Each structure stands twice: as structure tokens, then as C-alpha cells.
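A, B and C label the chains in the order they appear, each numbered from 1.
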Amino acid sequence: MGRRNFLRSSAAFAGLGALAASLSPLREIGDYSSVDEFMQKYYKEMTPDDMSKVIKRIENEVQRQYGIRPHVRDLKPMDGVEFVYCLNLTRCIGCRKCVHACVAENNQSRNPEIQYIRVLKLPHGSMDIEKADHLYNPEAVPQKGFFYMPVQCQQCHNPPCVKVCPVHATWQEKDGITVIDYDWCIGCRYCEAACPYWARRFNFTKPEIPKERLNPNMAYLGNRPRKQGVMEKCHFCIQRTRVGRYPACLEVCPVGARKFGNILDPDSEVSYILREKRIFIQLKEEMGTNPRFFYYFEK
Amino acid sequence: MIHATRDYLTFLWRCARIAFVGDWRYYTWMGGLTVFSLLGLHAYCNQFVHGLIVTGMSDEVSWGVYIANFTFLVGVAAAAVMMVIPVYIYDNEELHDLVIFGELLAVAAIIMCLAFVTVDLGRPDRFWHLIPGIGQLNFPRSMLSWDVIVLNGYLLLNIHICGYLLYCRYQGRKPSKWFYIPFVFIAIVWAVSIHTVTAFLYVGLGGRPFWNSSIVGPRFLASAFSAGPAIIILALQVIRRVTRYHITDKALLTLRSIVQVSMIINVFLLINEIFKEFYSGNLHVASSKYLFLGLDGHHALVPWIWTAIVFNLISMFLLILPLSRSLRWLDVACVLCIVGIWIEKGMGLVIPGFIPTPLGALIEYTPSMNETLVCLGIWAFGLLCYTIFLRMSVPILQGTLSKANEHLPEPEAGVEHSPVPAPH
Amino acid sequence: MSPTPKRPSESSLRRTNWVLAGITCGFLALAAVLLATPWKPATQAKIPLVDPSFLEQTAWRKSYADLAREKADLSDFQCYVCHEKKNPPPLRYDDQHVLIVPDEHSDIKMGHGTHNRNNLCYNCHNEGNLLTFSTRDGNELQFAESSRLCGSCHGPNFRDWEAGVHGRMNGYWNHQLGEFKRLDCVNCHNPHAPRIPTRKPAPPPHPLRQPVLLEPQAPQATTP
């Protein structure tokens, strides 16, 4: 009897030891999350005071990690502005410069690689996306017999990703941009499953951005560096467009295929396109998502 | 009041204690499960630190075996209701004393479900964002918020029903009907809801044609009501063998007819789905093609799904034939049914939804070693919980662990007090 | 149910002891293994950083206006260093009626329009004053006004360009908040051969998991 009690206790203690050993990987936890970040309020519930504290925290974290003092802002939507993007498929040559300009502007992870724009190569005459080639890499583009379709977040009027998020971590702002609070997302990836455009990306591990390529002009809902385990996606370069500038993908496009602007302004380029051009396409229109991203052909 | 609290704490203490007492078979079983649980915990700690990169998931296939197992186990949990219905609605005597084992299975299954959802989160430290009041639960718009509510609600309901009935039996008093019958009926509806809501989780995604089909919900229920009772049939036979708890063959055969009917419906719905996908042959057939036939030379799931279909068919025929009135054949049918549905509803449902991606890319998914260890760990932990629940409840139901024998010295391994007759 | 407690046999109790001892050893061994084999993240193939030339935003050609603004060397535009104002250079054609570009202008490849439709320098250059352009309806335009020259033929594109819809834009979409820059036609199009040349695309994506390589593109049918 006594011997068995002893054996039982020793098994229990050995079990506790094994439990402790099984927790050993937690030693490498590093800067997973600070207390301030853990306790941080939801974006829409923060007072301006809360926000300035949060911004200070983010600036300090970025400085510690990258050695560069960033300029982080919480930019709000402008009144009387609703953004629309138009992309001229007749012009696009599939050079993928937009993909990489976006990565550079928005501080995406280089390793593993996160890109918001995916350029599809499609055979002439078909919009069947299942025929798309994502990895084309010929000596020269455009290739005869194909057209190229860059796909990124379509900033839907009726976004399925916003509907499914269990914690309101992603929402549509009044200028039409669907944003993510990276400090609120729990990383369930339901939005990624819901998006019909495969526009959302998940940080499967800690993102890696080389110091010398960090863009220090940052926005809270925009391009500030993300943490492991959260979603991100195209936000129409909030840190640029909400101060009146063009998005990075547009400025780098060598053929002027990308057009961006305020659809509520009748003199804007995008208003002109939707008024004057004949054929434009909302990708997967049948989904009822009503994108703010229009593809068009001309001639 | 103080008295009642003290009594209740004594009850909990004695239950906890008995979980650590058993014979050599019990220790071997529990020791093995603990080792697997800890291996899983270790693997999860790796994942927690390094991120979901240690799994096989990607932006292309963003849910994997975690969510697959979750889906299957929701069905198992929901299936507890298939024992409750005959007992409380049709007053089936044979199952009456067994229903609690089904409910305990539901508790264990929900614990596993919650564990599988948690390990799938990128930021488990932010789980509190889901708690209404302090967090931002997107209810009622997000189906995942519904799932959070119905799963936790179902867990609480079943803990209440089992806990209350067991405590009454322990105290040797008759349970008050008002205290549990209403909850039993709520739990019946709730069980259907957990599975329907989990199906809606997938069905609601318009961008994934493979899931965006109204038949997914009914298929979930049919498969759950065959795999769940099949697990209970096997569990009851184990209980019968290792304890002296009395379980009649007739009770098992009642469950058999439940599995039988559900399996026939399940196979019928599967045929419906396959017909619709392949006969119409529109562009959305790609995922089904990938699952059943392989697409452009990629066919990781093809052997699995055909194994599942063959198992389901054999199991269905065995269940239809009188042959499966013999328990040995019934066991074979149950095992085939469980494995078949686990494949079909886990991997066979979740993965093809992502292949090809909405932009037509074909990237396959294979669970990583670390991911597999986490899954094994959660299954081991779930079985550990269920074993402990049974270890506690069987002596209580037999009357060997009761308030009446509280003063006696604690039982030693393999020795149990004689039951003190409960007042009826 | 037996009315008296059943005592387990001696051998069974002994076996319990052995199992408990075994479990203790098992747990300790597990602890040792877990501590001794720290998990290493699988080293992923390093993805090379993209060549910064792909991030370049500036136009690939410079217009006369750009060069003038930069005070760059404009000697290429001093036509009368070689030519004589009284004596506009004659145009010579081969037997296919294709313009023969003189060796002094060998950098020029004629390719404006198909079927050699635009086979005449004086469609754009002013025969009477090589330092200016002249539209088909006889308007004289300065080199810096080249876009208007293009617009004299390419009406719809010119209209789109004026609206900011054809061609490249830089700067601010909101003109109240900052400057915007509309590039000239010649910033993208070589006026003598306006089709935009093909180029090497930036590197393709590196999917996180084993990418499924698409079947190699069928080679373009070539005529023997």
C-alpha cells in the first residue's frame, strides 16, 4: 500500500516534470506581445488620447526593432470622398512592377513573402480564372495571345470578409476602404476563406523586412509593420491616399493602366472612365460583392 | 448553505481523487494518453512561438486538419442527442441509464472542438476579443460568433445536466425534474443547432462554390448521427468490458438502428451531391474534381475520399444486413463508419474548398509533423477527459461512490465499496 | 453487483506497481527528449530581395521639356548645326517605297503606324523650320509642345490624356492637397516607333508551400 502511494506520487511528479518540459519552447517567445498591446482597446473605442499612446508604443517598437523612427499617423477618411480604382486591361503588360512597389510601400514581409497584388496571365478570349497562370516568368512581357489581370483587394461595397469576422477586426470605412485593426485580429482566417478574390494574407510567422527597405511613413490602419498571426491586405495605400496622394501601385505602373480617384468628384479620372468607357467588369460580379475596383478594356 | 457547499466540495474532491485511482490497465491507458497529450502540448508551444508556419497551411489552403477535426467532433458532440431523444421523448428503457455516457461524450467532444479552434487561431492571446461585453463579438452577423455561442452553450448545458444528475445520484436523492428536464429539451434543439451552425460556417461563403451548397447542412447532420452513435456503441462496449456496469445488447441494437438509418441517408445525400457537381459540369466542379478524381495531375485527396466512400458503403451494407446484429460485425461497421466519416467530413470537406483558390491557383496541402502531433495531442486529451468522466460516473451510477459511504476510507485500486442502496 | 468488495488479486496489484514505475520512467524519458530536442524552424529557401530597378517610378524616356527643365545637353535638337534652313533634307525611299533613314540618324527606327503609313518625316517635323513641329493642318508647335502634336492625329487618346485617363499620372489625386504630374506622350512612346517595347517582368511570387508549377507554356507556333 505504502509502496503504491509512493509510486503514484512519483508518477504524478514525473508527469509534472514532463508537463514543464513540454512547455519549454515558450522560452523563445521573445517580443510576442507587450502588456499594453494585450490590453489595447478596440480601434473604434479609443479616445484620441488612447490613440496617441498607442501610436507612441508602435513608434517605439518599430524603432527598437528596425532602428528607424517611423512617422505613424491615424488617418481618418476625408469627407465627400469615396475611392474607386479602375484598371485598363488593354494597357496592362503584366510586368509585376505594381506587386513589388506595393510590397515596398506597405512594409510587407519579404520572407516568407506576402504580396497584396497577384497578376494573372490569361489566354485571350477568356475570363475563366481557373486558366490563369500565376507564376509566369518569360524573358519578356507582354506575350502574344495573352492578357494580364492584376487582382488585389476589390474594396467591395458588400464585403464578405467584414461580414464573417467574429470580432469586428475588419470593417469598411466611409471612403470605401475595408481596413483591418492588426492589433484586434485574432487570426482565425475566416475572412481569408470568405474572400472571393483571394485578397487577404496571413502572417504565418514573424514578418521579415530588411531595415534598409522599411518605409517609415506609416498609418495605423495602413502599412505599419504587422505582427505574427494576423491578417493583412491591400488598403489602397491609406497612408498616401488619405492625404491626397496616388497609391504606390498606380505611380509605378509603366503604362498608365491604373487609375484611381474620388468617384464622388465628377471631374476625377475614375468618374470619367466609368462615364466614357464602354466595357468594364467587376470581377465575379455574380457574387454580389459590388467591388469598387473596375477592370475595363478600350478600343 | 455552508453545509451544502462543503458537501459539494467533498463530492468534487472524491471525484478528482478517484480519477487517479485504478488498476494497471487504467494506469497504462492514462499514462499513454498523457504522453500523447504532452507531445501535442509541446508541438503547440512550438506553434505558439513560431506561428502557423510550422503547420502545412498557407494563404492558399488556410484551414487544415485542425478545422477538419473540429468539424468532425462537432458532429460527435451533436450526436449525443441521438441517445437523449429515445430516452426522454420515447421513454426507451434500455437506453435510460446510458444516456449520461452520451452526454459525457458530448462534453469531451466539445472540449476537443474548442481546443481545435484555439490551436487554429493565429493570436490565441487575443481570445478575449470574442467575449461579449469586454470584446467585440460580431453577433449575429458572423457565423463564427454563432458557433462560439452555441458550442459554449452546449458545453454548459451538458455539464449542467450530467453534473446535476450525477450529484443527485451521489447524494442518493431523486433529481428534481424542473432542474434538468427543460435543459434536456433545450439541449436536443441545441445539438441540432451546433451542427447546423457549423455547416452554415461553410455554406455562407459565396466565394467557395464547393461549400456554398444547401446540402452541406443536411449532410453534416446525417453523418454526425451515424458517426456519433457509432462511437457511443464502441464506448459502451468498452465500459461493459472494463467495469461491471450493466449494459444490455438491446441498448446497443437500438443505437445500431440509429446508425443504420443515418448512414443510409448520408450515402443518399452524398450521391445527390456527386450527381449535381458532375452532371451539370459547370466551372465550379473543379474542387469536386480535385477531391474525387484529381485535377491537373494533383490528387492528394483522391485515395482518401475513395477509402471513405468504400468504408461508408461497406458500413451501410453491414448495418442493413441482419449480420450486424452480432456485435462483432456491428463493431466492424461502426469502425468503418467512424473512419469513413472522419475522412469525408474532415479533410474531404475542408481542404477541397480551398483548391483551387478563388484565383485558380493549385496549391496542395499536407499536414506537417508538428500539426499532426497537435492533433494527436488533442485527441489524446479528449480521450483522457472522457476516461476520467467515465471513471467518476460509473461508480456513482453503480452506487459505489456516494455520500452514504463518504465516511469509509477511500477505495484502493480495483477495490470498490459495495453500493449503499439508494432510497427510491 | 457483488455485495462484498472484490479484492484484486496479488498479481494484479504487483502489475499495477510495475506499470506505475514504468509510467514514471516514461514521463522522465519524455521530459528528457522534449528538452534535448529543441525544435528548429525549417530553414526556408531565402527569397532574394527584388531588384530596386523594378521599383523605379520615373518614366523610361525623357521629353524635350524634361531635358530643358533639367538644363541637360540639348545639342541633339540643334538641327541647323548640320542641316541648312534653306535646304530641307530630301527624303529618299527604297524600291518598296520604305523611307531610307540616313546613317546620321541611324538611332531612329521608323515604326509609327502599320503598313508604312507614316513614312514621311514631315508628317510631324516642320519642313520649313526643323526646330519646330508642324501639324497636318499647318499649325507650328514647339518641341516642348509635342503632346499637342500627337493629339492632332490621336484625338480620342488625346482627350483621354487630358482627362488624366490615358497615360501616367504622379503625385496627388486631390489637386487641392498637392501637385500632380501628367507625363507627356513621349515619356512613354518613342515618337518614331510608339509601340511600348516588351520588357523582363519582375520576379514571380514565391508561394509559402510547394508551388504547383503550371505546365510549361506551349511554345508559340513559329513558321519554318
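In this text, contacts are C-beta pairs under 8 Å (C-beta built on N, C-alpha and C of every residue); 3 or more make two chains touch, one makes a residue touch a chain.
Predicted model only: the values in this text are computed from it and were never measured.
The central chain here, found by comparing per-chain C-alpha centres with the mean of all protein C-alpha atoms, is A.
The chain with its C-alpha centre at the largest distance from the centre of chain C is B. Of the two chain pairs examined here, A-B and B-C, the one linked by more C-beta pairs in contact is A-B. The centroid of the Cα atoms in chain A and the matching centroid in chain C are 21 Å apart. With centres taken as mean Cα positions, chain B sits 36 Å from chain A.
Rounded to whole angstrom units, the spacing between the C-alpha centres of chain B and chain C is 53. Shown for chain A are the residues in touch with two or more other chains, namely 4, 8, 11, 15, 18, 21-22, 24-25, 112, 118, 134, 204-205. Multi-chain contact residues, meaning those touching two or more other chains, occur in chain C at positions 13, 16, 20, 23, 26-27, 30, 34, 39, 41, 208, 211.
Looking at chain B, one finds that residues 27, 31, 34-35, 38-39, 42, 46, 50, 53, 58-60, 361, 413 touch two or more other chains. Residue ranges on chain C touching chain A, taken from their complex, read 13, 16-17, 20-21, 23-28, 30-32, 34-35, 38-39, 41, 44, 46-47, 49-50, 54-57, 60, 160, 163-174, 176-178, 180, 183, 188, 196, 198-206, 208, 211, 213-214, 217, 220. Contact residues of chain B toward chain C in the complex are 23-24, 27-28, 31, 34-35, 38-39, 42, 46, 50, 53-54, 56, 58-61, 244, 296, 298, 361-365, 370, 398-399, 411, 413-419.
By the touch rule above, chain C contacts chain B in their complex via residues 1-8, 12-13, 15-16, 18-20, 22-23, 26-27, 30, 34, 39, 41, 207-212, 215.
On the chain A side of its complex with chain B, the touching residues are 1, 4, 8, 11-12, 15, 18-19, 21-26, 28-30, 32-33, 38, 42, 112, 118, 120, 128-132, 134, 151, 160, 163-169, 184-190, 192-198, 200-206, 227-231, 284, 287-288. Considering their complex, residues 3-4, 7-8, 10-11, 14-15, 17-18, 20-22, 24-25, 78, 93-97, 99-101, 103-104, 110-113, 115, 118, 133-145, 204-205, 210, 213, 241, 243-246, 250-256, 259-262, 268-269, 272-273, 276 of chain A touch chain C.
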